């Protein structure tokens, strides 16, 4: 295989960033850009470098570059640098190039517990699609009305990877994992208040799922869940 | 009984929500809508669906639908969709239909420790009334001036369910439970600062009440306490 | 009514305890004795005083006195002082007098998620029975195998008060509350490890139950839950 | 498909447990028994029922039943009830039947950071093998001596699912995920002291892995990680 | 005044301790010895030095030296080195010389909420007496039976400093402070379980007391509270 | 004495507040009004009632009423209702009547560690003065430059009560208590960032002061510290 | 040596601050001014005093005074008082005098994991340079692309002190310390979200670095890290 | 320089450990062995390999290998494998070879606040000496008696690196850093109880030291502090 420690086709963004252009070759999926916390100047420089890299000769294709947790201003600035990018304001995500690739692998199923979880669920769903998987999104099937998730047992059985997005008690992850043969990636959300502790309550709940087959990513990390589900379903 | 897992009269809000219209039939109390965290677009679609459902033929009455933790903007938007709704800005609640039903069951008594606890206490009091109970509200009877709560021992003795709303030390819940034969639902509030830890201090205090007969709901969750008290007092 | 602040029929256990013999008259349920943390000498003195009080003239009957969280040594010592007491070693509880009273009021249903939750569930179930309610106990119906709780929907519908005992993700409380019209008292347990944080995970989960109608007591507090359920079901 | 909510082939362990014998049919993997927290009497009853079920007519084969986090006494008691069971004292696991099945699917690679992580790593490795995957175990490749993990890049590239077991800083998960195309299941361990906070430090570290493709299970949960890796690698 | 930074009459316990023999002259109260965490060898050396210092010529009297949180073994070893010392096993304290001095100043009143709080309450009460104050101890007056503390309003009004010792909800501190003109020193105890979090719950509760006039010391720190109360009542 | 539970000269602020006008008679110090968290409407009503009560016949004088943690808007509104009130914008406090009373009792010394602690320190200093004590304020004497606090040893020795205000490491409280014979009231502040955890770091530090004689109030609670110091120094 | 406790050349900023002008003589490095939390009025008074002190006769030179965590408004106000000051808006730092001194001692190497860590990294780098060290800054070398830090092994080997700035998993500190002979000062940053807990995750991770030779400063404390590195490299 | 990622002279301890024998060449200090958490069998195998490696031909000398946090049994087992090793039971450390090397570099000064901190302080002091530095140990100089640390200002001024070991309030680190020009490595200890939170209180206190020049290692990590101090003083 290629030696991951020796051949870094790293871009020069001196003093700003060292974009890991070799990541797609090394890991199969390109580096994404977390917009949150970056200055506009730094973000624009990175987007520009991404565009320049793609258009220069001799490079392998990078695949789709995702810009995550982008404010409206950040998203617009990225789109200016990268014509053809697609912006989903609910998911706060920009993808470049915009069109989703032809899907391959097994299906990724994203389930969310409530309406307020949609932004994170949508981030997971879009990520899986941009990384090349067929993906489905089902919303508002929290366990307070159990018939809603039970109506999806066939969909759950057919999926190669399942993402469960839930805040508050995070109970949906346990319930789904008890019904599914595919792995469940739990995404706790910061939806809720008080003792939800900005998502710590569903995080702990999912880490202690009484059903096996649940692994957890960071609070509100739809991107990470979608990425993981895409990896899991790659051979599904 | 009806089979709760098989006959979901669920509305179609494709991609937004799956309102649990069967909940009143199943549980005796209809689903409420937590406004906080929902986009305006999603909230309006839900309110519209609620209205449409009520007016279509052949449905059982839903009962009063409560919209909780509504910002002023959210409340106004809901009221536009649901003429006849009542908005209480202090409690941040919209109820539709607006008038409280004829009360039945035992009395719900809501006590709060300080003036700053009024919004949460009022949310509990209104919830209990909209769910059909006679309810009373007493404010600012914290234990720093013990005579204030001691002056209400008769009212405490007469209640079928008691809600105690308190921030800071949450001590009122223990004191009231030591005087009452009815169950006490404690609602810790985020009133206070510093080591009040946004309500964790009274939450822990109430969970460790030295008097038995106290159960606790989430910080600032007046709706949940009012709902529970209404259930408890249903047969009171 | 009697004035709770003025007529304390308090026993003399000078320097050890001030047993609240008036509690049954005031609140309808007598004081219980938390054994944990008491020295053997102090506990024996209290048990002796309880016995002496009951046998002296002119007192109203106390009702059943419960000794909770008793080690084997403590339980045996209490039983020596109070002949006729009943000891349940799994629930770590001693009741005196031993026989459960004739049940009245509605039914208390205690559900627990796993086998390891049985001690706490049993403490709740025994408490409700000793305080005078008919009570049922159902074990190991956690949500990992959802058919187990769904097989009890009729039992759930018939109960006047429900106690849900669960560790780890605590998800059973939300699921049951979504099915029940009766109030649910959640008891998080310290069953689990790691991020279960000695019961904090299910405690937070239950406090954030996505279904309304759940109130929570302290971790492993089967006594408190059984007491509360007995109060709720008193008029059921 | 079979209806998971309607046909529970549940054993009768009245008042002790309700073993989910249908889980293998429903999810593809049988229920495991967490020994920790169970009384010896309860555990023995469950083991006996498992044996009886397997030998009765007309049942589908259960697959291998794992007893996890078993003390020496518990393990010996289980082995007495289930002749032919295999006990791994380091992993604190009993498997019945003892022999690992013929492996199928992709390879599960278990990496651990230090010698003290071996029990948890071995639990993950054994779980994956008993659930039917080829699996490899590599120990003591923490990032303090980076050459150790870099020497395994080919092994990492060949795996279908990777389990990273680490306490303290948990940094190995990020480093491995940055090199791998397969999903990484992180298992934080309670190895460490002081600010390791019984495993919370590596738990948080792994949840915040700067490389995508990491999902996390509970602290010390080798079983859960092995199960998840087996699911992921099923089609690898 | 004496210069506290320049004239340290410090004993030589080379490599073990540097006993602050000047503390009584500087602060009015001598150094105490926290036994917990010290090796037997180190503790014995310190006790011996204390004895030697007292008997040597030319020294001012040290006053009573308290050895706190002493295990039985530690207490016995200290008593062997310091004949005439008094050991209170409930308070885990050794005082040398044993007899309490003639009291002066105002009265210190120590109130505790429950029987299990007695060891800490007794530590506070003994400390205040050994530091020279008249002191009273009242036990088991928790707020679950409010008449118990209300029966002591005259005692509360007469005290110059009040120590309130309580675990669980810590509510007694607020109630007493609302009745008293003297300062209240709150001592949260580790009495309780689960969400009492080893005393953090009453600690937070007391820090957020809704009545002014409460200051708090460390969990279970009866010594600190007694010391502080002795200082407060010095001029009472 | 007066019976604190029976003669509540409570104002009628129906549904808003129940001002404890008897507190000065009962405790020696009148009730203060925490402005934070109160609506403007509620706050104004309370201020108006305070003014009306003072001017009506037959009432005992209330003493100075303090309005704490008042925003600029709140302070101005209070001043409009209560002519003659004094507003200190740094301390965010309004006092009515404005002039400090003639001082009596011992001296209260307020020391703060840094410039950013001044608002809290000033709140303590003003409170002590309005409650009738002579008080001194010394700023920016943190332990990073130890000579600053050592230059005040005479002032420290002369005080009857000492308030130490510090954020970050809170170390000043221990250092001062090691030098003082008077009690030290520690006020942790939210000054700092990151691991200061909004004041939890100095709170914990002060609770664990290695010198005896430190008691602690809530983070940023200058009012509580000044009140306590005034009580302590009353007889100084 | 000079006696640090006796000769405080302290400026008079009566009631505002007590600037420690002797600190450079005592510790080798002058006092810095943390702007955050100071009112504009107080900050300006301090800046003015610093300027006045420097220009008055007979004083030793103070060295460069750093104003840290300065908002834009604060920085501009300081620059108005101290002509010749240099403002770095990214690092939120003002230095006076502006030019960095001639470097001496060993090299300080500052490495940061991501682009969003640049403000803190730059604060460390500037601090080291203003305190007199040669310093280098390398950005975006997080462990997700390990080749980036491995490309700097020579730079790492040549440094006398290394500062590692990282949020999220903080893993870079362990990796670098495993490669370096120089001490590593870890600076966790608040970069990240959810379970990053505002920097607590990398803080804990760095405190538990599996490689020795890492010490940690407060979250986002670039100044402290740069100061410490300058001290370490002073003799390098 | 040598390439740290390519030439791992790693011992074969197949399935147990991968001892990093190249660490001394790479970092200047050899790998240490944390005994805690290792099985006796694994520890003995590692000790044996260390001995074998040293005695085989052609290896560079390893330097002194330290075995830290060793129980008495573990220490004895290591000493059996490595004749000539030195065991310090107070510091729970084994060093092999036993004699400390000839000291070089600047002096490391270890200060501890109390007698109970001695084990950790001694671990730091021994580590520094075994890694080749001259080192001094001063005990029981906590800030409650400030004269004790002020008596050491000359020793503090002469040190090249200072280790401050303290539990409880951790205040000594700030005080020393305010006096010293050398870097201070703070070691919080688990000495204390209650709100000391097993060392979190002094950890937070030291992280927020108001004096610059303090960096912190894990709670009770005397080894880490001694190692870091040895690195810092290497060129002192």
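Letters A, B, C, D, E, F, G and H mark the chains in the order given here, with residues in each chain numbered from 1 onward.
Assume a contact is a pair of C-beta atoms (placed from the backbone, for glycine too) under 8 Å apart; a residue touches a chain by one contact, two chains touch by 3 or more.
Here the structure is a predicted model, which means the values were calculated and not measured.
Enquirer: Chains touching chain F and chain G alike, please list them.
Expert: For chain F paired with chain G, the chains in contact with each are H, in label order.
Enquirer: Mind listing the chains that sit against chain G and also against chain H?
Expert: Neighbours common to chain G and chain H are D, F.
Enquirer: If you tally the C-beta contacts, which comes out ahead, B-C or C-D?
Expert: Between C-D and B-C, contacts are more numerous in B-C.
Enquirer: What is the chain whose Cα centre is as far as it gets from that of chain D?
Expert: It is F.
Enquirer: Please work out the Cα centroid separation of chain B and chain G, and write it as a whole number of Å.
Expert: Using C-alpha averages as centres, the distance is 51 Å.
Enquirer: With centres defined as the mean C-alpha position, give me the chain E-chain H separation in Å.
Expert: 36
Enquirer: From the C-alpha centre of chain F to that of chain H, how far is it in Å?
Expert: 45
Enquirer: In chain G, which residues are in touch with two or more of the other chains?
Expert: In chain G, the residues touching two or more other chains are 4-5, 114, 144-146, 150, 178-179, 192, 194-196, 200, 203, 207-208, 212, 218.
Enquirer: Which chains are in touch, pair by pair?
Expert: Listed by label, chains in contact pair as A-B, A-C, A-D, A-G, B-C, B-E, B-F, C-D, C-E, D-G, D-H, E-F, E-H, F-G, F-H, G-H.
Enquirer: Note which residues of chain E are touching chain H in the complex, please.
Expert: 4-8, 10, 13, 15-18, 20, 22-23, 31, 34, 36-39, 42, 46, 69, 188, 190, 198-200, 203, 218-221
Enquirer: Under the stated contact criterion, what part of chain G meets chain A in this complex?
Expert: On the chain G side, the touching residues are 90, 114-116, 118, 137, 139-141, 144-148, 150-151, 191-196.
Enquirer: How about chain D: which of its residues touch chain G in the complex?
Expert: Residue list for chain D touching chain G: 113-114, 142-146, 150, 167-171, 173-175, 177-179, 192, 194-197, 200-202, 204-212.
Enquirer: For chain F, which residues are in contact with chain E within the complex?
Expert: Residues 1, 3-5, 26-29, 32, 106, 150, 153-154, 157, 160, 178-183, 185, 203, 207-208, 212-218, 223-225, 227-228, 231-232, 235-236 of chain F touch chain E in their complex.
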